[in-house]
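By letter and in written order, the chains are A, B and C; residue numbering begins at 1 in each of them.
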Amino acid sequence: MTQNYDKLPQGSFDRIPRDTQQAERISKPSVSFWQDAWRRLRKNKGAIFSLILFGLIVLMALLGPIISPYSPNAQTITHANLPPKIPVIENLGIFDGVGTLGGKEVDLYEMKNVDQNYWFGTDGLGRDMFSRVWKGTQVSLFIAFAAAAIDMLIGVIYGGISGYFGGRVDDIMQRIVEILTGIPNLVVVILFIMIMDPGILAIIIALTITGWTGMSRVVRGQVLKYKTQEFVLAARTLGASDGRIIRKHLMPNVLAVIIINTMFTIPSAIFFEAFLSFIGLGLQAPDASLGTLINDGYKLIQYQPHILAIPAFVLSLIMIAFNLIGDGLRDALDPKMKD
Amino acid sequence: MKNSKLFWLLGLVLVLSIFLAACGGGDDSDTSTESETPEEETDTPAEGEESEGASGEPDAEQVLNLVEGAEIPSMDSAIAEDAVAFNILNNVNEGLFRLNEENVAIPALAESEPEISEDGLTYTFKLRDANWSDGTPVTAQDFEFAWKRALDPEVGSPYGPYMMAGTIKGATEVSEGADPSELGVVAEDEKTLVVTLERPTPYFMSLMAFGTFYPQNEAFVTEKGDDYALNSDNLLYNGPFMLTNWDGTGLTWTMEKNPEYWDAETVQLETINVDVVKETSTALNLYQSGEKDRAGLSGEFAMQYADDPEVVRELEPTLFYLKFNQERNGEETPLANVNIRKAISMSFNKQDLVDVVLANGSLPANYLVPTEFTFTEDGADFREVNGDLTGFDVEQAQEFWATGLEEIGETEVTLELLGGDSELAGKMDAYLKEQMETNLEGLTVNLKAVPFGVRLELDEAQDYDMQNSGWGPDYQDPMTFIDLFVTGASHNLMSYSSEEFDSLVEQAKGELAQDATARWEAMAEAERILIEEDAAIAPIYQRATMALQKPYVQNIISHPFGGDYSYKWAFISGKE
Amino acid sequence: MARYIGKRIIYMVITLALIATFTFFLMKILPGSPIASADKLSPEQRAVVEARYGLDDPLPVQYFNYMFGLVQGDLGISINQFKGADVTDVILSRMGPSAQIGFQGMLLGTVLGILLGMIAALRQNTWVDYSSTIVAIIGISIPSFVFASMLQYFLGLKLGWFPVALWKDGFMSSVLPSIALAMFPLATAARFIRTEMIEVLSSDYITLAKAKGASGSEIAFKHAFRNALIPLITVLGPMAVGILTGSLVVEQIFAIPGIGEQFVKSIMVSDFSIIMGTTIFFSVFLILVILIVDIMYGIIDPRIRLSGGKS
């Protein structure tokens, strides 16, 4: 074999001397798990677009009611049921204040002598839909985030303990979860809302009362998977306490799953709130959420489509954004996807 | 590879079709108006036929298709307590009297007007020859049995004691467990029923048209036992129609013409198909597709159809008002102060409420006893005596408010407004809240919407501040509204108590019973005290209902109390 | 296997007993009065009515009676929704339509969802992927009551392809409600299959198959699809829950005499017997679905052994 070197064309190859100092060098820059994930997430156009979109929605939810000259609950009864009208855009033939009445197209603003512009129109009590939609978005997001946060807290602690300690503890804790998942969550939610005084708090509590079981299962599964792995064993041998192992070694590994799971609880909480509005157990009037607004609007779809269309559009945007962010995060946080 | 292409194509088509279906609603304003126009055109000829139809011949096919808003909880006339059941009972059964097309109680199973004793206490009814749907004759014993059954505490009839106690002799005692033979109802023979009253009751005839006073066949009821009235086979009918195809829990039933009915030749409809549809929009879609002949229009829909030629409006003698609870959990509420009550009752604009929020022809109410409900013998409306007793007046309301706040020593008051959980109730309560808070400085109103069953319980426990409440009459007399608010009455439940009011009601029920004019005036004075002087309740509106009805449907009669509608005289004309 | 199933069934019975206990006591703290005409009944009558439904017994006695009845399949008597009717009869008479639209909706949704998910996975991160994801998300982001009333208005009333509502025309009546119910399983299945397929497609044996020269469709169907399908069984449980929730809304809008529609009403009128009976019925259904899923999973996937070992 050695002679073959001589046959190689001269100058095509250089001989690299062995350098012990360079042997351990990592040529790629060192990136932490999160930097790596962020790099991959950034490549996902859908997810980034969704992040920006969601940021805008949150911004509008906070600013919308302030920008609007009308308060969300103020009624101007003579201005009831006006279609949307936005200056400038109205020249395009949309948002021009024209609505149907008794099957005919009329400029309702002219008919009712209204000088102001309602950007998203008004509802049946003459309330400004623009401020109501954003106020409603604010409330819906608040309910969803609060529910998701509580779900996460309970689920992580419960699932973590159950998975980490295993054995009898796990057995008992899992039986409890099994019972809870055996009762259809909608029944539990409905019953709890009836027991408590209706309102935002009741809805949040009702949503979380069974909601956390999903999270706890996922966390338990992950903990079970990691706790027998070598690095945990090593830490234990070195005398780390249970608390330290959970905090420093298990949690970082489980975190990805927790984040992804939360990304999917938020939209389902928003959705459930809308469902509760339908069966009459939603938010109390005159407060608005996307759910109550859509519920008010869907019956009028043939006559006052704007009352349904705008909140439904915002809801869809939120759902799409969350799902795409969730998908993106899942892809980004999955170590197997590393390129 | 061919396969995979086919698969792609198939997949794409499926995706596309779902996408289109899902997005179809986004831009509907154009499509819907376009496609609605031809439909309206087809309606116009139908409307033209109506004028011919009204005078014209009934069609060969006499089928009416209706929707109902809720299922039947019970068809036992002793147990029934809801609008759906009373409506059906009114069409499949019959009492001694029946409300006719002019809403006057006329003899039905009674052959003629009863003989009334001089003191107005004994009524002797002669029964006409009539049969149950199984062919057995309806007898006076059937009435005696049914009434005693309705009073039996074991049966638990909600309306039995409520309607009879204090009216029929011995009813109170029997309902408390005394020997039923003490009841002043005796079947002297098969065709003679003698009823003895506790005190003269001028409106007794209209009571006889009410479902609780219908007869029941003893042999049949005993034979069926616990299964009696659980489905349409376990019932007997003596009215214009027979109930069929009702399985006891379903959403559908049929009424068919009863060949055994004594007046069967008047009845023209052969079949009435009823389906329970709880969503107004669904009912409307069924109406527009031609499957149903009538559909109710609630708040949001009422405005859209206001000018539709097929709209029928009916003013009902049902009144909605705010109950002011003066004592909650043993403590006086701010509403115990009369000026606070007056201020609130004058602080909201009722005209805007009925025009914009309800938009169905309801009337703003400044009274308790509805208009177009009760009349003197020469046709004068009870409302003519008192007229309006309160009204929307911001300035006056604010004056009362200031005085009231000073008297109770507060600058801010927070009150809870208890209401129903329907969409319309929510909208109306939101409107009231906004009006009250805008017009009365320092007032905060918290809305609480709960399901019906929960509201009843809160009402009973007197656990609320203000409540949006409604009442429809049980018989044709102002008393059905006025005696609701007597001290300790089962509907009072707000700690309102006025000696003057109580004694006027007592007089009208007792010593003045035979003197129509004086009685009338006593009731009017009581109403004035209740609303003008004490502002114990704040009237809001008198309800009207709006419905779409196909032009070929003729002569459905609506009634102010008891069953809502009679189909006995209805017929189809010009449908084909 | 038989031992495993036996063990699971014992667990199931215990779970059910606990659920029944839980709902029973929840019912006792629920506000509202089932004796709807409360203000018309005299105290004597009230006592009689309460005695008839056993509401005047001490709580432990009531509880014992209820559980005893439950064992015999007796769910009590409806208090005010269908006065005097057996709750068991009510549920049985309402079961058929619910089962039919539920099953059809589930089938339709799963099949379409699988197709959609596969397309998305095979064309990952292309416009095909994005649009199929968006279709799936729109499916779950439009509340079912909005979607159902749109179907009713456009396909029922405007186009006249299907009955607008009611349960009269057999299969045709069930089409629109089934489509409305299918949206949730569709979205769930599509998302799930997409993720699973992507994972399977990047696994070694697919690379091997590719290296051996298998065609694209062969890989997609023979290898990837089958392996992606197995885990789908695990989401059948959540899907069943989704269908249940959806049925409340869809049945009411299409005026279908099903259990969901009846359940909403019983809550509104506080008929405790019916609320409880229906809750237990729903729970039995759900627990059965979970059990069947676990057993199927064991049969299909040989890697999982059902000897009772904990994973």
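Some observations on this one:
Following the convention adopted for this analysis, a contact is a pair of C-beta atoms (placed from the backbone, for glycine too) under 8 Å apart; a residue touches a chain by one contact, two chains touch by 3 or more.
Predicted model only: the values in this text are computed from it and were never measured.
Measuring from the average of all protein CA coordinates, the nearest chain centre is that of C. Just to note, of A-C and B-C, the chains joined by more C-beta pairs in contact are B-C.
Our note on geometry: subunit A versus subunit B, Cα centroid distance of 47 Å, whole angstroms. Between subunit A and subunit C the centroid-to-centroid distance comes to 24 Å (mean Cα coordinates, whole Å). In terms of their C-alpha centroids, the spacing between subunit B and subunit C amounts to 37 Å. Contact with two or more other chains is made by residues 31-32, 138, 142, 146, 149-150, 153, 267-268 of subunit C.
Counting partner chains per residue, subunit A shows two or more touched chains at residues 194, 280, 295, 298-299, 301-302, 308. Shared interface positions of subunit B, i.e. residues touching 2 or more other chains, are given as 25, 28, 32, 279, 281, 421, 450-451, 454. Listing the residues of subunit A that touch subunit C in their complex gives 44, 46, 170, 175, 178-179, 181-187, 190-191, 194-195, 221, 224, 267, 271, 274-275, 278-280, 291, 294-295, 298-299, 301-302, 308, 312, 315-316, 318-320, 323-324, 327, 330, 336-337.
Considering their complex, residues 25-26, 28-29, 32-33, 36-37, 40, 279-281, 299-301, 303-304, 306-308, 349, 352, 356-357, 421-423, 426-427, 429-431, 433-434, 447-451, 454 of subunit B touch subunit A. Residues 31-34, 36-42, 44-45, 48-49, 52, 80-85, 89-90, 93-94, 112, 115-116, 118-119, 131-132, 135, 138-139, 142, 146-147, 149-158, 160, 163-167, 179, 186, 215-217, 220, 252-257, 261-262, 265, 267-271 of subunit C are the ones that touch subunit B when the two sit in their complex.
Interface residues of subunit C, counted against subunit A in their complex, comprise 11, 15-16, 18-19, 22-23, 26, 29-32, 125, 130, 133-134, 137-138, 140-146, 149-150, 153, 191, 195, 199, 202, 237, 241, 244-245, 248-249, 264, 267-268, 275, 278-279, 282-283, 286-287, 290, 310-311. Taken in their complex, subunit B has these residues touching subunit C: 1, 3-4, 7-8, 10-12, 14-15, 18-19, 21-25, 28, 31-32, 35, 70-74, 76, 79, 81, 153-154, 156-159, 161-162, 175-177, 226, 229-230, 247-252, 275-279, 281-282, 285-286, 288-289, 291, 421, 450-454, 456-460, 490-491, 493.
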